[in-house]
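Once you've had a glance at the structure underneath, I'll fire off some questions.
Labels A, B and C are assigned to the chains in the order they are written; within every chain, residues are numbered from 1.
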Amino acid sequence: MFLIILRKIILFLCSVIVLLGLTFWFHVRVKNLGDSNLFDELMIYLNRICSLDFGISSESGHKVLNEFIPAMIASSELVVISIVISAVVGLLFGSYSALHKDTILDSMVTNTSIFFSAIPVFWLAQILISVISVYFDIIPSQHRISPLYDVPNVTGLILVDTLLISGEDNFSSFFNALMHFPLPVIALSILPVTEFIRITRNSLYGVMQQNYIKIAFSRGRSPYFIILHHAIRNALPKIFQQSSSIIFLTFTSVIVVENAFNWPGIGMMIIQAIKNNDYNIVSIYLLFVGILFIFLNLMLEALAEFFQYFKSGGVKING
Amino acid sequence: MAKTEFLDINARRKKVPWWRIFRNSWLPWYAFVTLVTLVILIAVSILFFDLNPYDQQSSEFFKKPNITFSFRDGIGKLILGTDDLGRDVYARLMYGCKNTFLCSFGAATISYIIGMMLGFITSVYSNPVTGSVRYFIRTMNSYTPMIFVFAIVTVLGPSIKNTLWAITVSLVPRFTNICYNLVDGEKKKEYVKAVTLDGASPFFIFKFSIFPNIRDTLISQYTKGLTMAILDVTSLGFLGLCVKDPEPELGCMIAENMDLVYTGNYWLIALPGLMIVLFVIMINIIGDGIRTSMHKESS
Amino acid sequence: MALLDIRNLNVDIKTPSGNLHIVDNVDLSVNEGEIIALVGAPGSGKTLMLQAITYLRKENISFRADRFKINNADLLQMPSKKRRKVIGENFSLIMQDPRSSLDPTLKIKYQIYEMMPKDKWYRMDRRLFGFITRKKLDTAIATLHRTGIKDHKRILNSYPNELSDVECQKVMITMAICAEPKLIIADEPISNLSISSRLQILKLLDKYNKNDKTSILIICNDLASIANFADYFAIFYGGKIVEFGSRHHILHNPTHPYTASLVRSMMIMEDPEREFNYKEYRTARSPDFAQMPVGCPYGPSCRYANRKCNKRPKLTITKSFRYFCHNPLPQGALFQEEDDDS
């Protein structure tokens, strides 16, 4: 087991080195080298990275790190909520689909998910905005909270901040912030829901063909008990493995969704930076997001292996 | 026949003419026919109709689409209306489709070929060099493709060619990974071991024992890659990273006309989105149909 | 009073290319305390019949029967919830591959507890692991001892992939016994084990049958292993029971040629000094169900086939045995076979 963790740490370090090289290449490409050596530049750059000085954004003039962290927090709020909701909905529909495979309802669920996975996220966002926000005027769609409210930036998470000042205005800012959530979350979580449905359906169907489920059925247990007790426990490892790609897919879509809904997160930041040729922000984005992805990936894999290891007791007998 | 004794059961199918490939299912066949019709429509519109997507006539902007048409002013202005600068929506749609789909089709095909070859090579010949290549590609696969796309497009500047190369680079690890897993899974099977013991060359093993069993998965992965490429190209277009301004492209069109929806011109973003959705769904259905019918043939 | 009473069972499988009629007009009845063995080549419909009886694989199996009663409770008329309960109370299954019959994510003890019948007092059995009493633990340990596992502590607290195959099979039998069934259905429980382990398992089942008067319905490929174990044999070929009789009858004077060939192959293994001409020994393979031969299914592979065998034979029922053949072997024909030249 420790060999596995060691391998993963080495992988992590290699990837970090590659990312640093990539951002350094950016840095070099932009800046005029002048008289100094490439190697000296590398040393200076590494020094700066180690002291967490990522430079100054050429557009706004502030430090890049100070702009990046609040944006990251705001984005992660949206991403986490949407992943949780999509996991729950996807598991429910996927289990239903797997248990009643090849019936009409199952084909309805599958075909709907195929249809929804074909819709581009930004177009869906536009439709949601124009139909629900503009035409029917039910829910607001732009920014995180109505500009009438003045919310202090304590943690960066809008829901927590509005809860902190809820005593003064009786939760009205909290509800206003809450009303800004549904549309981006729907737009962001449609694609993960379809993926979760597909994965859960395959995994659960494979598990239900196993013998222990049949024996439990023949014992006369009710189907709900069997599914909760046996089937889902055995289906989860497979779902777990593939969920990492879904999380990364969400991180990609969040860029587009934030642009559509004007959500002040890393998506908006990176697009402005690319349009304004602000390479410092682009390089810090690449570095941090890349490291985050690798870290998440490694953690998920390590977690899966950890559970596997302890479940199997670590020793196998070939009998 | 000594040769057939070595062959796996999947390789001994009889040949089926290509138009019967969707024999038992009507939906993929209809999707295929619709797709071909749309492609022919686009090609004919571009080549034979006199369309001009750049022509701005300020006297005729915001014309809504209407059904009655005559050929006086040109087809597009009367069927699908004009946008805020008086440009012909039909013309922009056709040229935009051409740009988007050629770009994504090219990216998907090139990355498919490169990815598959890399996958085969790293899987069949396992030595430290290919092993490290495989490790590297597996790491790259765990990132989402968009990171590389952004990196490349930022540095090189937005244009169609750069988008094509960026998306190609981002899809290669995915295809390599898939191909490697497939071939690796097949290598462990008993019939491959049997053929190896009989003294077959790697090429023989590959062509007769491994390839027929992974053929359907390969084709369905190609269609999935194609849909991913289309959605990536349109996403980049939406973000403004794909083409320069007067050029039409489906994502760009949606981004530009976003604000115009508020004044009631819904068709300006509905039509490009509809084209994207139609194409992606039909490619999905066709890929699914090919995979199902290939499965049925061999089972 | 018959524990299990089935008349005219027909099972079909739905394949992509139509319905395949596999099990054809099978009668079976099990009384208390009997051991009945279903013997036949793989693919002759034995497992399918069992899956149909226990309502396991519902999607592509359709079966119809004239009579299907458990303890005089008619299962064909029942709603499915009640049917499930009746089957659960009376039957207990042992499947072929012990490793895949155990849930790999749960410890053994929880799986054994789950098999026990719910006590009427403790309604809290609806929770995930049920209400685990001291009584359940004691029952589990006692049953494990009966199956021959001495170190119950290690077994109870381990996961299934830590145990060897024989231990897994013993755990399966423990689970089947703890359910306190009236009928144990065993689907090839010993086919995957080595010869010496087979005797262990069969001895256990026999002991349980004698002590608790439980009936056992065992499916087996190999007549030699269960020759001294079962009371009655039902020989399957091509989806029909071609012969049904007591042990003495089957082993000493079988009437159906297929039974005779099975018994002869068993005798060859028992007595290797007997001269046997391998060239003349023809094995019968299971017929292809999509292209069944007209008439008797054993016809094409039978030594005694004549023109009568193109017509479907009649099921002949005598006092102690049934057979399904036009040319039944006379008494003592088993030993005369050896001397014939054909």
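Here is the rule we go by: a residue touches a chain if its C-beta (ideal position, glycine included) is under 8 Å from a C-beta of that chain, and two chains touch if they have at least 3 such contacts.
Predicted model only: the values in this text are computed from it and were never measured.
Chemist: I need the common contact partners of subunit A and subunit C, sorted by label.
Modeler: Expected: no chain.
Chemist: State the chain with the largest centre-to-centre distance from subunit B, centres being mean CA positions.
Modeler: C
Chemist: In angstrom, rounded to a whole number, how far apart do the mean CA points of subunit B and subunit C lie?
Modeler: Chain centres of subunit B and subunit C, defined by C-alpha means, are spaced 54 Å apart.
Chemist: Rounded to the nearest whole Å, what is the centre-to-centre distance of subunit A and subunit B, using the mean of the C-alpha atoms as each centre?
Modeler: About 25 Å separates the centre of subunit A from that of subunit B.
Chemist: Do you know which subunit A residues sit against two or more other chains?
Modeler: If we look for residues of subunit A contacting two or more partner chains, we find none.
Chemist: Can you list the residues on subunit B that touch subunit A in the complex?
Modeler: It is residues 135, 139, 142-147, 150-151, 153-155, 227, 231, 234-235, 238-241, 251, 254-255, 258, 261-262, 266, 269, 272-273, 276-277, 280-281, 284-285, 288 of subunit B that touch subunit A.
Chemist: Quick check on the complex: what are the subunit A residues that touch subunit B?
Modeler: 11, 14-15, 22, 26, 29, 114-115, 117-123, 126-127, 129-130, 134, 244-245, 248-249, 251-252, 255-256, 259-260, 270-271, 274-275, 277, 279, 282, 285-286, 289-290, 293-294, 297
Chemist: Given the complex with subunit A, which residues does subunit C contribute to the contact?
Modeler: Those residues of subunit C that touch subunit A are 54-57, 59, 84-89, 91-93, 95, 97, 100-106, 111, 114-115, 126, 128, 158-159, 161-168, 179.
Chemist: Using the touch rule from the top, collect the residues of subunit A that touch subunit C in their complex.
Modeler: 101-102, 210-212, 214-221, 225, 228-230, 233-234, 311-313, 315-317, 319
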